[in-house]
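Two complexes are shown next, each including subunit A; its partner changes from subunit B in the first to subunit C in the second.
Here is the complex of A and B:
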């Protein structure tokens, strides 16, 4: 599922987003934009370009500033400084009304006094299109979102998923160039979330709009499989293609944010070009200078050694085997997440395929692949080459 | 059905509550002789004369018309002033907003008598004394703060995202306000109108002082009905019954929202 397919490592920071569009299609760009959060604190100034027709997932925990960023991008809030351009045209002081945008909120925002039909039709009615055209377009969108049976109802008479579909329909029918979705699935239950996620991906792809999608769910960037913007406490950690950032996170914060289950962070020390860590007693050759470092190992890369020879063969650069004690095991669908510990690490996680009933207190032998370990310096910045 | 003891209190309560109203209606259908002469639970000689007098005598029915005119005028003025003000208080944060809100409300706390003299003098000097407008304007001093307060509560219950959605969809502000926002707070507007109506309808002091002939309200007509022949009890009672009627009608329309209105929309 999330296996790293081989590919050339790219330094995301220097990669310019690919633009294959005409001169007027320049995407959305920010120049030195200052954003104030709800508490009035200024976020770091942003200079960034979102390519046209890209699907940008903005990933961050709550209070990371996703909503603030989105509101400034859409024009609902004014930036405290800097310029925002849509397709090269400065829109910083343009009103929301005159911008070609659509927005979907977390809280199923519809017009309660209007019927579903009137709700979906409202952006077109304002544009004064003919009744016949409105009807055809509303029916088309309603069909796509499976709302055709509820057109005469009021939004409050629908289920949560249907209400959110109405607001997505309202966003789609406008055929806006920029669509903003602020955690649109957060208030839905698990099954509906999965369903609607697939629908959103499908429909928005066909629209050809530049999409901004804020979420707290680390699996969504890979699901939508385009661009990702990682945010933490009002700062941008990294922006680039979701797959590449998954493989090559620029910093530890970004890697921790953009992975589920949590990534294991192991302390490592380097002395005289030898790296030792707290999982096993091995000392391996390194190019790093003396000091403390952090090794990040994803839970699925903590491999259980069932019969020693077999599984190690699959690993390119296996670590020395080590034993860990089981403290908890949780079955997640068809996978088992085992919580482990040793003397220095109170929680180490290992994700194993299949449903396994593991006894608490048992000892299991593990190893990991050095090729898949990410190394970070003390400030959390990635060191891409560390093995000698 | 078995009579339950717990109904006793309820019946007593209703009896005491409805007693004065019943007696008023009872009197209104009696002749003056019967009212003054004997104790009777029902009118012995049932007469419509009192009501007929009110509906035919201009000095009586014009009182109702005058009252209705300035009450409706006041409700319209209060609402059209309070709606934008309440929207501003509920949607925007501005310097001194909270203080202004409180100050507005504290207007409501002053006794009407305080404003009697300035109003009387001012209206006389600008020539609107004894007009419907005079009373309507005087009552806005009390109704606007209350209206702003009630409407602000109702408006704050509407998520701000709806306003944003509308402007994203391309609605101009006036269009959004009239077509989408007002229907959403319709119950609030109803309740506010009710409160304006009731205050203005029952207010006696300002209404009586600021009018003499042309805009004389019913409350003033009623309290000045001591003729040479003494008190006309039956007529007064009939007028009293008719004064209650508009209130009942208005309450009927907003009955489902009254509770929310009393808690200023914050239920």
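Here is the complex of A and C:
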């Protein structure tokens, strides 16, 4: 994936974004903001601050309220209550026209009768810039997005990926302080999605804007590797650094949403400071009080015991080994996802590196690392310390 | 690629062909037959060649009617198309209001031609008509039965009332198909209402507008019933359009030969204009296709 944009990823990290950097930057903040979803129901009130120049991935299933949130943040909809500030300035009642924003949609939105050049130039023409300046900037952005050969064409004459590049170019050329991308890659095929994802990361980082990127794809928060906002049914589950939340999810819903590779949820019971779970007859010392709990184990942490001594050595706090029966196995790229079951657990998943032929009906021995297990109480809230 | 010769296709087309023959081709050929003969009785006819055509082309009354017809169709297009777009743009897009508005707008289309004529004939009367007497009470000297200008205005407004709804419906259907995100994107760009119309709405309506122009042209060029009921072509010949003159020739004076020649010319004119509009419409689409093929 080499493109002709200058600079390697290493450069990007060391060079600070030149534009928009100032000490007055306070990012985008919400105070008690009420948002109505498309059905007119009120979502929970939000109070949040998005740091300046952060890349915020908003992750949630369809109908989680991602679009509604973005529309309110951008100013396309007014919040039903509360205040929104851009860099400390209240913009709650400011119209979207006067805000410094740009937006890219899932559908490839371009002006159908205008050429690619005119499309990219349109935000600058509204700003009444000189023809020469428009030309330089359009050519620059077109180069970055590899559209320079298509400037005379109409959007309909381009492929889907190129059409989406045009709308991204329209967003970039504005040099807006806030850029909103609403599932921009959802309508593209796999290969184009991969390509454009890398370009988006590269270009937007150089732009130095605060970015909001809504997606349903759980791999994207770690890919963009900055902030993540987890949403479910109109509520915010958690907001923070993507890596941090991957390791320390605050609740089970969030962990299940941000789930690639998949997460196994195992029921556990505590009786007299001993925790037992349904995968094996193991009883482990715990600090928890009596009750039912949920253990979440990511599929890649379900370790196959090939030769007992070798596998277990790599694990810090190994669980007792247990056997599971194979019901299905799927190869994903260069990994194999094995579907397993035992009497009490309908499906347990294990992700193994490499392409393996696994016989259905065979039994395999597994263990997991207690250090990698997340424990949740019955309401789904995380309990960070549970091992004694 | 193998081209299979399948003669069955002809058999399948036959019923349609027979239907078209009975409904269109045979009547048309009868008219062609009349237009080249002088007919005195069933077995008493003389071949006259192009004589009727020459006569009809020299007919001063026809020239007048033709001129009137062209001006009328042009005015109809110039007023109804922009007005239809404007109304379509201002209708509510969603909810109960939208359904209500579209129903109200569609009502004139459901009224039969002769009823439209009668309604306006009464409405525009200065003694008992609401419209006519209202104009009089404002001190406007209005009388469509004696003043040619008033008659023209009345016929024109009647046609606008009757047919603008068609343009509105066609445009509205297209406007409804524009996804909301386009308007959002335009708002974020800071585009003006004019730019939104020029670059989003108009391109979307282009094809349907050509259709509207075609339909309104043909229909206004053939107008007969409404002016016949309203003004009877008067005062004098002021609102006598082509089809009414044709009826006078054929049914009133029973000049079947010239009337038939006239019909053929009339038919050819409509065919010519329709062809012009149609090629304008399809050539654009072909251009598009070619461009996409080049890629």
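Here is the rule we go by: the second predicted complex is superposed on the first by the 365 of 388 C-alpha atoms of A that agree within 3 Å, B and C clash if a C-alpha of one lies under 4 Å from a C-alpha of the other, contacts with A are read in each partner's own complex, and residues count from 1 in each chain.
Rule of thumb we're sticking to: a contact is a pair of C-beta atoms (placed from the backbone, for glycine too) under 8 Å apart; a residue touches a chain by one contact, two chains touch by 3 or more.
Values in this document were obtained by computation on a predicted structure and should not be read as measured data.
K.L.:
Could you check whether subunit B and subunit C clash or fit when both are placed on subunit A?
P.N.:
On the superposed model, which is not a single observed complex, subunit B and subunit C clash.
K.L.:
With both complexes superposed on chain A, which partner does A:157 reach: first (subunit B), second (subunit C), both or neither?
P.N.:
second
K.L.:
In the overlaid three-chain picture, which partner chain does A:101 touch, first (subunit B) or second (subunit C), both, or neither?
P.N.:
both
K.L.:
Output check: A:286 vs subunit B and subunit C. Expected answer is one of first, second, both, neither. What do you get?
P.N.:
Neither: A:286 stays clear of subunit B and subunit C.
K.L.:
Between subunit B and subunit C, whom does A:111 touch in the aligned arrangement: first, second, both, or neither?
P.N.:
both
K.L.:
Under the contact definition given at the top, report the residues of subunit A touching subunit B in one complex and subunit C in the other.
P.N.:
Comparing the two interfaces on subunit A, one with subunit B and one with subunit C, the shared residues are 74, 76, 96-97, 101-103, 105, 107, 109, 111-114, 122-123, 126-127, 167, 170.
K.L.:
Please give the residue numbers of subunit C that touch subunit A in the complex, ascending.
P.N.:
179, 181-182, 184-185, 187-191, 195, 199-200, 203-204, 288, 291-292, 295
K.L.:
Would you tell me which residues of subunit B are touching subunit A in their complex?
P.N.:
159, 161-162, 164-172, 175, 180, 183-184
K.L.:
What does subunit A use to touch subunit B in their complex?
P.N.:
For this pair, the touching residues of subunit A are 74, 76, 95-97, 101-103, 105, 107, 109-114, 122-123, 126-127, 167, 170, 174.
K.L.:
Show which residues of subunit A lie in contact with subunit C when the two form their complex.
P.N.:
Contacts found on subunit A: 74, 76, 96-97, 101-103, 105, 107, 109, 111-114, 122-123, 126-127, 154, 156-157, 167, 170.
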